[in-house]
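Each chain carries a letter (A, B and C) given by its place in the written order, and its residues are counted from 1.
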Amino acid sequence: MMTGRNWRPAALVAVVVVGLIAPFFVQDTYLRHLCIIAFIYAMVAASWDLSLGYAGVFNFGHIAFFGVGIYATGLSAKLLGVDPWIALLLGGVAASAVAAVIALPVIRLQGVYVVLVTFAFSQLVLQVVLSQSQVTGGSQGMVRVPTLWLPGYNFLRDYKFGYYYVGFALLVATTLALRRIATSDFGVSIRAARDSEDYAISRGIPIGRQRLKVLAASAFFAGIAGGFYVLYLRVASPEVFDFSTVSLVLSMVLVGGTSSIYGPVFAALLLTFVSEGLSNVDGLGVGRFILVAVLMVAILLYLPKGLASIFARR
Amino acid sequence: MTAPDTAPPAAADTAPDTAPDIALDVRDLRAGYDASDVLEGICLQVARDERVGLFGPNGHGKSTLLNTISRVIRPRAGRVAFMGEEIGQLPAQTIVARGLVHVPQANRLFPDMQILETLELSAYTPRARAAKDETLDRVLQLFPRLAERRRQACKTLSGGERQMLSIGVGLMSAPRMLMLDEPTLGLSPKLKDELAEAIAAISATGIPLLLVEQDIAFTLSLVDRMYLIDHGAISREVGRSGGVDHQEIMEMYFGTGEGA
Amino acid sequence: MSLDVISAILVSGLVLGSVYALMASGLSLVWTTLGIFNFAHGAFMTVGAYIAWTASDQAGLGYGLAAGIALSVAVMIGLGIVLERVVVRPFYGQRDFLLITVMSTLAAMIVLQKGTQMIWGARLKQLAPIVPGKATLWRTTISAQETLIIVLAPIVLIALQLFLSRTRTGRGIRAVGQNPDAARLIGIDVSRLFYVTFALSAVLAALTGILLGSVRLLTPQFGDDPLVKALIIVIFGGLGSLNGTIVAAYAMGLVEAALTYAIGIYWTPSLIFLLLILVLLVRPQGLLGKVTR
């Protein structure tokens, strides 16, 4: 821990600098696209780590929060004509609000029932999207979502230059915010509640309310990520709710190591490139999901604390 | 209380090519949970016609010892032989099949199963199944209370009834030796007497006993010999020749102060 | 509401309920015995149906349906055992056992589902019905296969109950679920019964898949919807109780059929979920169940 303190800020500054100057060296549109997708997954994975890792809430509806962000931002920008920047924020707020509602039963439940209810919830969101096709586009997906804009700048220009920086800024802000939450008194108390519920109760920590807050916070960042996702791609289909998305992002959390925030971020960056790279290999378009799943089991078997444990030596 | 300086009788380094009259032979057994050893090299023997008590303060490894012998937990070192055969590496179910039966402390058994069902199921190994009907009659005779409640679920039983069922379950497994862990835990004096009688009756059929028990009077009424376990090792052995002396036990339990 | 409508709701509710009961009973069995929630259960159903299709269909090996069912059952026993060995057993006794196995069975589900897609392709397939033709129940005409589902499900479930309450292995499985240490101490080979349980639940899922595979179309996602429904059912019925699960499965089938008639297919899942949340707010342990196993 002590040694970690010393090099960590320097390493982070280095990473941020690399991220800032990278577009000047990477001119390839496809590589930039992968970077942007990786930023989005990193935000989803890191925010999932807050509820699943730090708080120990068996939240398996996180991808649905991401999806709520996608559709809330996309639909408000497209159908209601809300300014895309505000729609982006709406995505986060909507996901957070939905999480607070789902938290009401969840905080009263134990163990496997939390898994089941959150999972069932994610399927419900999918069903709603599919059934309200006149609004959401149903299984055909949502198309022609407005782009982000700034006065005098068109985001479609410059080979995704603008999206890269917005995505990067969102990721850095999300990561810092999540770290801030995780290391605050609040974060310490939710970790205490995770490790020993009895202890937390004896110390007067209101576990239910804490878990509700954690879910809402964790969903907020997933929703923002979803909002950015749809403003960037300008289309969205219900496929994001698929079990394979769940397992892909879950594997990022696991590979990176839970309760670290940084771990899932880096794992997401890495795995997005690996997974996308594999999808271009013949015959691995589907097979890459199998590889990711196998990797997930391997991590559970051999590195239960994720890759971060190798470096952090905690 | 000083560290155990009275070495147990058997030399620990000899291979357990045990004498034919030894039922259970434990040599240098080590086991524990997580990082720490609870058992720090236990040696003890039980002869085929013997009833042996195991006595000592709570938390010094009595239950761990029984759990290790029956392989509920894994030994870290040492050897266990039963009826002249090495069993230390066998899985729990094979040890039961060989006839070494462990009745654990405060066994809650199978909460939603009926008593009769539980007893029938407990004749699980082939040897036990062969004698099932006969043993069942004997168990129900020994504990008439269980016969009365045969259709009730285990979880509805009182503490005493559950102890009886636990021992009954042990008997159904066709033991060639029984290890009982605190059979009187939480029982009234009257029930203890009943249980003592039942255990005496069982051992009278020629089944050797290893009895872990906190109640001295209860233990003394049943055993020929006793070991004192202290900080995960056998610190003393009492009453090898002849009966167990009550005075000696009191000394053992309450310290060596006035006896030394 | 006319009698025709009531009849239609009852009949389609019974078909759904039977399918759900067969699915959910396997989930519940694995839960009570091993203490894990098996997310690959829906994929078992899919794979079981596809194997039967390959062995039976003319486009496959063409050996006929009986051979298909036999092969499917045989493979599923093996698959169940392999899965238990690879994604469940290594984690037994770990502190976060439940969470870890949720993730590992989810991974297994992805492997099976994507594997199905790679082997059999995304094109739709359909099994031949075990019994062809139509049948009329009360005032509603359905396919004979659906009638078979209604008749067969209770028989299978009763057989399962008898197996668990009367046979030595079945009683052993219940004992292991209630107290594994005590089970070991009466000589039960706990590891072996874990295999048996997993294989049994895989066969139950495959059977569901084979029965449903001629009513619905086979896709790699064939088992997803029944899995999600089974998931909701076990929340309602309580995972720990097989009887509660079966009752909840039939109740769910009937409610779904009635809601579909009343408000249409699109809003039904949402309403069921709303109902679920309301129930959980009042009874966190499910309508019929116990919290712990």
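Please note the rule applied: contacts are C-beta pairs under 8 Å (C-beta built on N, C-alpha and C of every residue); 3 or more make two chains touch, one makes a residue touch a chain.
Here the structure is a predicted model, which is why all the values come from computation and not from measurement.
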item: Chain contact topology (line, ring, star, complete or other); value: line
item: Relative to chain B, chain with the most remote C-alpha centre; value: A
item: Geometric centre: closest chain by C-alpha means; value: C
item: Centre-to-centre distance between chain C and chain A (centres being mean Cα positions), rounded to whole Å; value: 31
item: Between chain B and chain C, centroid-to-centroid distance (C-alpha), Å; value: 44
item: Centre distance in Å when chain A and chain B are each reduced to the mean of their C-alpha atoms; value: 55
item: Of all residues in chain B, the ones touching two or more other chains; value: none
item: Complex contacts: residues of chain C adjacent to chain B; value: 165, 168, 171-172, 174-175, 178-179, 181-190
item: Chain A partner contacts - residues on chain C that touch it in the complex; value: 31, 37, 86-87, 90-91, 94, 98-100, 102-104, 106-111, 113-115, 117-118, 224, 228, 231-232, 234-235, 239, 265-267, 269-270, 273, 276-277, 280-281, 284-286, 291-292
item: Complex interface listing, chain B residues touching chain C; value: 70-72, 91-93, 96-97, 101-104, 107-113, 117-118, 120-122, 124-125, 128, 169, 172-173
item: Residues on chain A engaged by chain C in the complex (per definition of touch); value: 58, 60, 102, 104-105, 108-113, 115-117, 119-121, 123-124, 127-128, 130-132, 243-244, 246-247, 250-251, 254, 286-287, 289-290, 292-294, 296-297, 300-301, 304
